[in-house]
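First up is the structure itself, then whatever we jot down about it.
As written, the chains take the letters A, B, C and D, and residue 1 is the first residue of each chain.
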Amino acid sequence: MSPLILILLLPFLSFVISGLWGRKYLKNLAGILSTTTVLASFVISVTTAYRYFFVDGKVAGKFVAQYPVDFKWLEFTPDLSIHLGILIDPISVMMLLVVTFISLMVHIYSLGYMKGEERYATYYSFLSLFTFSMLGLVVATNIFQTYIFWELVGVSSFLLIGFYYSKPSAVAASKKAFIVTRFADLGFLAGILILSYYSGSLEFKDIIARYTDSSSPHLQAAISSSFLGVSALSWGLVLVFIGGAGKSAMFPLHVWLPDAMEGPTPVSALIHAATMVVAGVYLVARLFPVYAISCPAALHVVAVVGVFSSAFAALIACTQTDIKRVLAYSTMSQIGFMMFALGVSGYGGEAGLGYMASMFHLFTHAIFKALLFLCAGTVIHFVHSNEIKDMGGLKKSLPITHIAFLLACLAISGIPPFSGFFSKEEILTAAYHHDKLIFWVAVVTAGLTSFYMFRLFFSIFYRGEENTHAQSHHGEGTSSMLAPQIILAFGSVLAGLIPFGKFVTSDGVGLEAHTDWNFSLLPIALSSTGILFAIYFFMKDNDKAEVLASKFGSVYISLKRKLYIDEIYEFVTKRIIFNLIAQPAAWFDKNIVDGFINTIGKATQVFSLTTSVWQSGKVQAYSAWLLAGTLVVLIMCLYYLQLL
Amino acid sequence: MMDASVISFYVISAFLLTFGLMAVTAKKIFRSAIWLLFSLVGIASLYFWMDLQFLAAVQIIVYIGGIVVLIIFSIFLTQDSGSALPRAIKSRKIGAALLSVFGFGIIATLLARTAFVETTTPMDVEMKTIGFKMLSLGGDGYALPFELVSILLLAAMIGCIVIAVKNIPGKP
Amino acid sequence: MNLNLLIILPLLTSLAILFAGSKNTVRMIALAGAAIQLVICGILLIQFNKYSVGLQNGQMIFESSSPWFSSLNINYHIGVDGISIAMILLTAVVVLAGILVSWNVEKMTKEFFMLLTLLSAGAYGFFISLDLFCMFFFLEVAVVPKYLLIGIWGSGKKEYSANKLALMLMGGSALVLVGMLGLYYNSISETTGFNLMALRSQVIPLETQLIFFPFLFIGFGVFTAIFPFHTWVPDGHSSAPTAASMFLAGISMKLGGYGCLRVAAYLMPEAAHYYSAYIVGLAAIAILYGAFATMMQTDLKYMNAYSSVSHCGFVLLGIGMLTPTAINGAVLQMVSHGLMTALFFAAIGMIYERTHTRTVSELGGLLKVMPFISTVFFIAGLCSLGLPGFSGFVAEMTVFVGSWERVEMFYRVSTILACMSIVVTAVYILRASGMSLMGVIKNKKFESLTDATWNEKAAATLLIAGILIIGLSPFLLNDLITPGTKQIMQNVNRIFTLN
Amino acid sequence: MNSIPLIHFLIVSTALFFIGVYGFFTRINMITMLMSIELILNSVNINFVAFNKYLHPESNDGLFFSLFIIAIAAAEAAVAIAIIINLYRTHSTIDVEDANEMKL
């Protein structure tokens, strides 16, 4: 058994211990315990990454997958069985690093943020559960293992969103998150069934091998059988992507993500910004060879959905006033970037730039978005409100947070030399080479990104005077809250300098990333314009923004109402599913089916009541019947004897 | 060839059937009992007509002297003897009448179709013969039934006393 | 290992209860009996694993047979294979938990525990019988006490529910009897009689099968809440006392599934294949329609009862699909649902005992006052919606994967419809738990309520342990039952080789 | 006297029997029902005697049966009247329709 399994087992242990005994016996120790286990996992991940990337990962100049742990968990048939194991390849190692690192930061941050919370131990046990599930997801060797941990991250996300369970909005949000992602998981499950049926295996390596080899009978079978004119392979891949889209909050399955901000802010940083929401991207990346080689049509769907979601979310983000919701929409937008980067990518070599860029963006985004959320957490902690209008002029009170937030905003806006620039740059390059329309939408979206991020930044830290009544008693927070912000701020600045293409590519062969400054000019210019607009509108206390908003009128309002997607969902679920399906089903059952059964009972009763009248208890009636009966029998006998 | 004995048979038959019918239709219970008495007398006369003096005597003693008197006593004990009886529902009367007529019809038809082999040998109905047979233990003797009937009568007597004497709950 | 022990021990326990003095003695005897029974079942499992090595697939072991009514060739014939062992273990766990949960029954305590124990004897007998008549006998033994349990200790419109349940189940067993007699009179040799093992090795003519298969399948199906004969489930479960609900849903509904599998599909595979589409269709309807009907329920017990209809649909779906994986899944689902629903009913019972209401809208914020019970409820809910790590996931996925092996469009569509229930299930589970456990406490009276007592904790822990063992290491149970299902499939495969 | 055929006796007894049956069905008072039963018994007696006399005069079995029937009828009447009187004491009625406590 490889020591790698400890990466998974340690958080799991922490979950079990804090979950069962934390509340009673451990109390505040639960936080320390969880943090320690995550730290250990992080250390192991780092050593693994070092070993894999620099020591033994490469075979003949190419990174190959390793399977240090693999055991059969449940056998369906001799071919199909769920194996649980650990898969080590470039993206999983990268994800291990990201998950353990961000999780560690959030754990440390929560030590201060969640202090005094009644269910402190429960909180940490849920965090550990999430870390465990997410790690299990990224190292999955088997598509069913992915599904298992997929569901588990879903439920831990549900538990953490609904952590403040006495708040009705939190309960509703947690429910919504779970059900929407569950709906998407249905697609994932169906996709698994289709893919595994034709490939005859649930192992990623077999699925990829069998579906990318154009001569394999499996691929032939999957392509030749079709449903509604679309081949089974396309169905499978698109359905799997639907699962991924649900988790990654792609349009139209994104509705849960803004609401999910009801959870504690560190949770949002960990789950709804850095790790869980990129699971969909990771899933597509995991099956990327199949998409890219055998079914470009499905990949095109990924690209379109990605770029649309990205632009859509950026537009809405410009109008939101809840700090966390803005961040949520920006997350959605950035994940859209990653998705369409995958969508525009090819397999192997230079064509695989999009894939590399997507993973790179995933990596950098995790860092700066986690930072943004942690900063937002500090701000919320300080003013006890999520609304932008309650903030303003916080620069003096929160100097460190101010700097950190600024760095993160620069990173997300793609200003060189911050990390976001490098990853976004490559995404745009890949899009440019693949599809011009996607490229232009993406560039505009990038400009919008810097606009709404700096709108947020200025509204929080500059605009207006500091709200005195909100003068908080605890200043900028404990050192445990500040340290992660500082570390992440360094990360946001420096992560872009990593030669990512050397490590993570679609085919395992290193790729030299090159920055073409001529090409970069346009995005940088657009981003800077966005920042300037933000300065113009939001730096000082003025009503320019309101004037602009009123000019746009209905467009602004519909954007602010999130384009009425929630209302549509409400309509579909309440009106159609509840009123048109569930209620008739319940009625049908109560009246028709049960009524039918009851009618049988009633009929029997009526029949027996009728006959029971004969059972009158009257001796004369009985004897009369007796005589009549005897006579009848007599006649029958006589007739039979031919005497009559 | 209508001699007196033939005529008397029909007269007796008509007598007993008429009074039987009146006994079951009379509106007052006491009269009903009296009509029953007449009908039983008619049956006794039928026995006389058949030269069965002993049986006729028993009929008169036990039925008329015993049972009918018993019935009359019980009527006195339980009823206003003059009061009219509760009347049965008409439909029930019709039903019963139909059933009876129908049953009579069937049996009568059946009897009419049966050829009985009649003999004219006279019966030995001497008291002496009856007495011997009643008490003899042999193959055609009736000692055993006789004893059984005596036990039955004893049991009936005891039973009557027990039933009649039993205390009614609530009354001393 | 003498299997008679499994029946004798509950009978002895109920006798001992009959002669016990105080209520406490009664409880202790019942508890001790159930605990010893569980230990015996554990020993049985170990012994089984030891002796079954090297046997042919699915051969019955610990077989014994003695004449009962020899003139009719009825034997008291018992034996077990992996599937029966799984069901027996389930029964033992649920019985023990049921007794623990009903610790505080004050009304006619003696009779209550006696009936519970008797009921378990019937269930054990059913699972070990290898003679159809014997099976039928124990099936009836397991029905009658339920009538009394609901009628006497129930709540709400208990007489109505008790009548309905008893009559519908009796109707079901009447159909079963017809089917069994059909097999009996159509068996080729005189001596075959009701013997399951002898009947299985002969090929019953297709015409006969087509007539008698529906009798057996629908008859047993009534127990498993086959659509549209499921209406006893909501009424019966909601009126029954907690332990009886646990028994009903946990064990009784499994009697039907087991019967469908062991008798109907096993002995008449050709007919099963012939009727497969009907079964699958009904099961898919039950799954989805049950789930939608559950969404509208406001009473927690009704909710769980309808969800049982939905979940038991998976059992029938698995059997109807007739692929080895699907049948494995059906058995897994039986065990899993038995544990999960018992846990659910236990949690609902605990809540009801304290709040005296089961209406979702009247509850709220229970997580704050009774964290343990709420967590139990929640775990049951998560298991019900098929969360990995709990048994429900394993079972449902096995059914899905197995069902997907049938390539015809109808089966595919049915499978997808069945899959859709995982979303609907999530909706109603989260709705119920969100409204009753989370949120603010609506009723001031609830604030002073206490959390679970030791016996309730023990019961819940036992059931959760079962769920987790299956959920985390499904290979244990899977390896146990696979030889049995292979044996059943051998008969089924007969058709495919004939064709 | 042989001018009267057996069949006439039988007709008379049958008629008497059905008169008794009619009374038994229509009467509500228990005593009158008892009277009807007496009529029925008597019709049977006539049959016994007539068969004896016309078909098997060599033995007296019919006669003896009649005698025993009369004895048993006496016992029966006594017991019946005891029951009737007892019923009257408890229920103040001897209508058969009112004696329905055994029902239900």
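We adopt the following convention: contacts are C-beta pairs under 8 Å (C-beta built on N, C-alpha and C of every residue); 3 or more make two chains touch, one makes a residue touch a chain.
Source: prediction; values computed, not measured.
**Student:** Taking each chain's centre as the mean of its CA atoms, which one is farthest from the centre of subunit C?
**Tutor:** B
**Student:** Roughly how many whole angstrom separate the Cα centroids of subunit B and subunit C?
**Tutor:** Roughly 71 Å, centre to centre.
**Student:** Would you kindly tell me how far, in whole Å, the mean C-alpha position of subunit D lies from that of subunit B?
**Tutor:** Here the centre of subunit D sits 6 Å away from the centre of subunit B.
**Student:** Indicate the whole-number Å distance between the mean C-alpha point of subunit A and the mean C-alpha point of subunit B.
**Tutor:** Taking the average C-alpha coordinate of subunit A and of subunit B, the gap between them is 103 Å.
**Student:** Between subunit A and subunit C, tell me the centre distance in angstrom, where each centre is the average of that chain's C-alpha atoms.
**Tutor:** From the centre of subunit A to the centre of subunit C is 36 Å.
**Student:** On subunit A, where are the residues touching two or more other chains?
**Tutor:** Expected reply: 620, 624, 627.
**Student:** Send over the residues of subunit C in touch with two or more other chains.
**Tutor:** There are none in subunit C.
**Student:** Quick check on subunit B: which residues sit in contact with 2+ other chains?
**Tutor:** 92, 95-96, 99, 103
**Student:** Which two-chain combinations qualify as touching?
**Tutor:** Per the contact definition above, the touching pairs are A-B, A-C, A-D, B-D.
**Student:** Per the contact definition, I'd like the list of subunit D residues that touch subunit B in the complex.
**Tutor:** So the residues of subunit D touching subunit B come out as 1-8, 10-12, 14-16, 18-23, 25-29, 31-32, 34-36, 38-39, 42, 45-46, 49-50, 52-55, 57-61, 63-64, 66-68, 70-79, 81-86, 88-90, 94-95.
**Student:** Where on subunit B is subunit A touching in the complex?
**Tutor:** 92, 95-96, 99, 102-103, 106, 109-110, 113
**Student:** Using the touch definition from the top, list the residues of subunit B that touch subunit D in their complex.
**Tutor:** Residues 1, 3, 5-6, 9, 13, 16-17, 20-21, 23-25, 29, 32-33, 36, 39-40, 43, 46-47, 50, 52, 54-55, 58-59, 62-63, 66-67, 70-71, 73-75, 77-79, 85-88, 92-93, 95-97, 99-101, 103-104, 107-108, 111-112, 116-125, 129-130, 133-134, 140, 142, 145, 149, 152-153, 155-157, 159-161, 163-164, 166, 168 of subunit B touch subunit D in their complex.
**Student:** Using the touch definition from the top, list the residues of subunit D that touch subunit A in their complex.
**Tutor:** Result: residues 21, 24-25, 33, 96-97, 100, 102-104 of subunit D touch subunit A.
**Student:** Okay, in this complex, where on subunit A does subunit B touch?
**Tutor:** 620, 624, 627-628, 631, 634-635, 638, 643-644
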